[in-house]
Amino acid sequence: MFITEIERFIDEDLGYNDISCTVAPDEFAGVTATATIFTKENCTLAGLDVAKAFFDYFNIHVQTEYLNGDDICAGDVIFTLSGSTVSILRAERLVLNFLGHLIGIATLTRSCVRKVEPLSHVRIACTRKTTPGIRKFEKMAVIAGGGDAHRFNLSDSIMLKDNHIKLMGIEAAIKAAKNMASFTQKIEVEVESTGDAILAAKMGVDIIMLDNMEPGEVIRTVETLKREGLRDSIIIEASGGIDQDNVEEYAKTGIDVISMGSLIHKANWIDVSLEFSMSND
Amino acid sequence: MFITEIERFIDEDLGYNDISCTVAPDEFAGVTATATIFTKENCTLAGLDVAKAFFDYFNIHVQTEYLNGDDICAGDVIFTLSGSTVSILRAERLVLNFLGHLIGIATLTRSCVRKVEPLSHVRIACTRKTTPGIRKFEKMAVIAGGGDAHRFNLSDSIMLKDNHIKLMGIEAAIKAAKNMASFTQKIEVEVESTGDAILAAKMGVDIIMLDNMEPGEVIRTVETLKREGLRDSIIIEASGGIDQDNVEEYAKTGIDVISMGSLIHKANWIDVSLEFSMSND
Amino acid sequence: MFITEIERFIDEDLGYNDISCTVAPDEFAGVTATATIFTKENCTLAGLDVAKAFFDYFNIHVQTEYLNGDDICAGDVIFTLSGSTVSILRAERLVLNFLGHLIGIATLTRSCVRKVEPLSHVRIACTRKTTPGIRKFEKMAVIAGGGDAHRFNLSDSIMLKDNHIKLMGIEAAIKAAKNMASFTQKIEVEVESTGDAILAAKMGVDIIMLDNMEPGEVIRTVETLKREGLRDSIIIEASGGIDQDNVEEYAKTGIDVISMGSLIHKANWIDVSLEFSMSND
Amino acid sequence: MFITEIERFIDEDLGYNDISCTVAPDEFAGVTATATIFTKENCTLAGLDVAKAFFDYFNIHVQTEYLNGDDICAGDVIFTLSGSTVSILRAERLVLNFLGHLIGIATLTRSCVRKVEPLSHVRIACTRKTTPGIRKFEKMAVIAGGGDAHRFNLSDSIMLKDNHIKLMGIEAAIKAAKNMASFTQKIEVEVESTGDAILAAKMGVDIIMLDNMEPGEVIRTVETLKREGLRDSIIIEASGGIDQDNVEEYAKTGIDVISMGSLIHKANWIDVSLEFSMSND
Amino acid sequence: MFITEIERFIDEDLGYNDISCTVAPDEFAGVTATATIFTKENCTLAGLDVAKAFFDYFNIHVQTEYLNGDDICAGDVIFTLSGSTVSILRAERLVLNFLGHLIGIATLTRSCVRKVEPLSHVRIACTRKTTPGIRKFEKMAVIAGGGDAHRFNLSDSIMLKDNHIKLMGIEAAIKAAKNMASFTQKIEVEVESTGDAILAAKMGVDIIMLDNMEPGEVIRTVETLKREGLRDSIIIEASGGIDQDNVEEYAKTGIDVISMGSLIHKANWIDVSLEFSMSND
Amino acid sequence: MFITEIERFIDEDLGYNDISCTVAPDEFAGVTATATIFTKENCTLAGLDVAKAFFDYFNIHVQTEYLNGDDICAGDVIFTLSGSTVSILRAERLVLNFLGHLIGIATLTRSCVRKVEPLSHVRIACTRKTTPGIRKFEKMAVIAGGGDAHRFNLSDSIMLKDNHIKLMGIEAAIKAAKNMASFTQKIEVEVESTGDAILAAKMGVDIIMLDNMEPGEVIRTVETLKREGLRDSIIIEASGGIDQDNVEEYAKTGIDVISMGSLIHKANWIDVSLEFSMSND
């Protein structure tokens, strides 16, 4: 995490004159306090590196026995901190906001991954539906939960979506994309029918995304691809309206990837708290 | 919204070479397309100004008949757009990410406001539990939903929280805060007992926040304040563990403000879509 | 002070190739020099934290026996520095520019505070008339001098000024502001007559600012408010054309706050110098 | 002026939710208001381009009959504005802060220039004693007043100051500087005695700066340089403790440049106001 | 191109007070001048969009009949400009610096592409050896010349290089990479022997890069892969020490991609000039 | 080098999730590796400070026995590094890109300087033809090679070029420039004929630049200036179409400075490599 980023986030929460933190008389300023950060729910950890970056910035010494991706129980201590009282007070809300959100994402991802594991090797992926400004942190939280980050932005792999296809026609769009893509990039096409799935697979795209198909239609499309001998050369992704409630149904359809915007936008925050102990305890 | 901000958000989603958008041959580049943005759920609007700022940046002409705070129904068209196809495709995900998140917040806020309206004049407020980097947009969404934005950051009003008080003692902390505050700032104190509530009110703070009190304890505290003749000179806020399920209970306790981090961190995104229509339709 | 800020200020003064500092042969580069920063006038200190932030950035070790707000005499040594010669030379002008300006503000503020102390409990406040780009430093200098920082920007408390009132009418403007304000914010109204002062007080604003009133008119307004039983529920501020020459007159009018843009824009710089001593002295 | 700069200055004054400006009902939002900016003192204009850049940013139409450097009288209208009420209210303080400060500098500079004009061709220059963050605006204000901007930063010309010389010795320092300077740069040396002035002139520096010399000593130094035949090949600058009270004395010593930090740091703000007129007036 | 970027580049070249451009009297300021930008060498165009972004920023009207990738002859007019004299003078050097460099890259790329076209379908790609700060412009210039941009940064596809393999061993590294990669990413492995090429292909990587192999060794490796039935499932890239002098030899080896850092770092600038014509010509 | 700059350059190369560097299991993360940076060609060093700034940022310990400007031989080790494997891998390409480019510039500059040294005292200078975004690094590389950096930007000295003169006429332009220049700035005029050279010299400019003159014409112009007694009071620069092939011819013409854009834009990168050794070697 860059210092320029850290300072931008601090600036949002701090303002120019944090009086609440300066009510303490000067003799407290030098006092080293200790504090712990713990959670009140079972969860999957994420964002520990983000939290550490803030603690480093504030010269707060930090210890943890966990790594991103570890499952912990309600009450477990995530971090033990020691540093100046004022610094800990200033880092508190900012770090908890990151942790609450990112651990929430990792926990929801892990829950979905657990659901599908007994059923197939399907991957659980997020999408570009991310909170503006913190995509990289959210995608890393999905990875911490055992999910797949999918592409990061519009440029790092090529995805022809419904609107691109509407504009160009599917054949022309795939042809143009194959012509323009770097050899390092995969080409993915969003299709809404079995016919288009076959067409795209025949034209040699790397990934087809079955958009908003019911599980039954997904199964039929996979079968047709198999019959045509096209199944092994492509990756099949399903997306659209899939969340933790129906993910298992899709996991049984024989596809490779289930992508769910909900991993991020339906992930509620985990309740993470900081408890202070005065250094004279 | 600043151009520097707009470009930072675009940069996150765009990368350096968006091939998917450039598969169209040159004759399409100049084509003006039209598109609509609509929602699939009943909701309360927010972030319309944010969306417009992005459309302006991309030279997309935009029309709407709504204002932030308007309630709309599933299927209602929020925006009608016209502009270059490539520009609309580039703005699409970014704008939808903002709208999905912010409308979600406004809608949850409005729902809580509706619940308490028949019961009392209590205000529903958010807190500093916000997604890092976009606090101002989230607070404005709470306002759009009829909520109160609470203080923005650590400097714009003074709030003595549990950890400040642990450090200094409540009397010393309030005394110091009163000494250091600007005459333009209110002083709020977080208390965990009726006794501290009385003490803080007697010392002349502007707001007391009853932290994690059960509704019964809140009622007893309000009663005690009344008996002491202190009720009218202070604002009473309750916070901690309040969400849409128990908000009505707190609304009946006679307090002035209920603050809920959950307005933001439990607000799921509203499903907002962009549908394209070629200009030659 | 953020590193991003520090570097922006350094960038302004340094340019890409400071030859004057590199005329020294390489054997001097490693030499540790010592230097002192002292003032040639009696003054009230401010900006010591700003200076320290620059010294830290340049790895210059710094010692001081003073705090912001301390009164010192001409000739007193503010800082003792030790570090690389080149670093001290590069930090010199930048630090002196901040200190000269900020100590000037604190000193003028202290002088005004001293004048009114024997007369009343009135506070001396600055305004939003600050030098663009360094408001937070200037406001902290006013605080160091014993003054009140007033609101920081247009959003952290609400102030209805002459032009807002001209647009809306005073009643409508106050009504709208009360409706829109957060419970954490105070509402201030600028009034130009006793009648409007009474009206605003009756409508329950927190602060009234008597704009450009002569001391006599201020007294009459305060009296009228008292007679109406409104005096105790509001804070009364006077502003407009008040500076160190007439501040005592206003201090005797019975108001709570005198705000003066001149604390900042009429504060001449204090003469602060850096004197070098070679380490082999 | 860059948009990135404009937005940084606005951000300082605006915050996230300027309620005072939004108390007006929606029907006022589209109303075009007119306003004038005028001054209450005779002064020399500066910063008109800065003001225009802000007005442009806010889509405020602006007219003026003046140029930077023009002398105007108390009451003269500097700008006539028309635009949305809210935009004018938001630009108001920011623009007035710039104008008050920069016109103050230009006016003080012009006053000093006027004093010395009848006496000699000496130039009045500022120094690197500038307010951190806005040096370029302040130096342009000095130019508007008829002064000389001196060098901008440590890299654009070479100046060997007392501390450089203390470190290296004057001969070695000049020799090194001549070796390292680009052919496009002038070399200036600060000297504290006539002897060093002669030495520096003989070694071929472009400018000598007589530091903190009394007028008498300045005259003696100029005379000695003339006797040695060195006068015509160098520029002589005097600096240190010169302000508008003693500038005429130095103007008569036969030197080329008088540099005064006080042009900037003793320049009080000019009183500039914005008066609104509703469009329906 | 973002406005924040444009301003950063302008800031580097402009400084605070461009006197050379302001020597003209005021009556020239409003004069519209016309100018042409042309080249003195045959070349392949690139960076036209970059140039237009600067002209737009400076309100210079610009016309061209070319697109990036077009081949033009010495003397052809790339752009015809009209706008204020001062604006054109300020944009001149900046635009020419971009065009000279980027057209140089496109021209060298096109020359290499032309050489290999008659020999095979091999692609010519650049690498991450790019000038710090302007990679995206340089990669787009390679694309304009008909080359392949290769991956943009360390995160958008996975490349195990010699040092990664030295650290982990090739099998362990590939296994880990396959485990960690998103389904949207290709995995490339740099190999230094035929044996490692076979191993990597068997493990199912997408691309193997033959590092610093002589053409003969490349041919032997391709043959072995064919014999093993592995040729069709992977992309073969050769890199290391290939430039326009030996590129044809590698083109005949049966590989898919030749990557050359030299496309960028050996591309000399094309001589591009701006010629002014006064509007009254 | 500022941290804000360092992070901007890293951001360009790193992206959000560098998987190639994280394939190593956790036990490697703490391992300290050592590596060397060496060159495969004889060259003149530059950019060592830039490289060190990146190593510092990544907490990589670095040693070198060289300074910028030192000539080294193929195979010489420039830096010895020790630090975390992952950090070295992340810094690698970025540092090598800077070193390859900057050492290339210093080496070409040194080569030109060597050619002219036996012939005259003429200086070899670069121009404002620099790669956008990294001018300061390129100019410092020219200095490392023994060249002259010329002016940095449009504001730090005054240069009247062909287009300025076309606009104003040479006499009017010089007159205006002399009027507007600071006493700290030199004035340079670009001339295309001996007549204009004489005129400019008579008017007292500091530098004349003979633009695109053949060596014979340069000699005639110098002779004429001598005959007119103007030679000693001005600096004569030749520019336009001069590179390492014809620089000696110009060195013999009796001028003071030869400026060559080609020092930067024809300087090919030097081949610089990083070789890793595991810490257990």
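By written order: A, B, C, D, E and F. Residues from 1 in each chain.
By definition in this document, contacts are C-beta pairs under 8 Å (C-beta built on N, C-alpha and C of every residue); 3 or more make two chains touch, one makes a residue touch a chain.
Fair warning: this is a prediction, and the values are worked out from it, not measured in the lab.
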| item | value |
| --- | --- |
| Joint neighbours of chain F and chain B, given as chain labels | A, C, D, E |
| Any chain that touches chain F and chain E | A, D |
| Remotest chain, chain B as reference, centres from CA atoms | F |
| Numbering shared by both copies at the chain D-chain C contact, with half separating same from different | same |
| Gap in Å, rounded to a whole number, between the CA centres of chain F and chain C | 45 |
| Euclidean distance of C-alpha centroids - chain A vs chain D, Å | 52 |
| Two or more partner chains touched - positions in chain F | 3-4, 15-17, 135-136, 149, 152, 155-156, 185 |
| Contacting chain pairs - touch in the sense defined above | A-B, A-C, A-E, A-F, B-C, B-D, B-E, C-D, C-F, D-E, D-F, E-F |
| Complex contacts: residues of chain C adjacent to chain A | 2-4, 67, 135-136, 139-140, 143, 149, 152 |
| Residues of chain C defined as touching chain B within the complex | 123, 125, 148-152, 155-157, 182-186, 188, 207, 235, 237, 256-257 |
| List of chain F residues in touch with chain A within their complex | 3-4, 7, 10-11, 15-17, 26 |
| Of chain C, residues touching chain D in the complex | 8-9, 12-25, 28, 33, 85, 89-90, 92-94, 96-98, 100-101, 104, 128-136, 152-156, 158-161, 163-164, 166-168, 172-173, 176-177, 180-181, 185, 261, 265-266, 268-269, 274, 276, 278 |
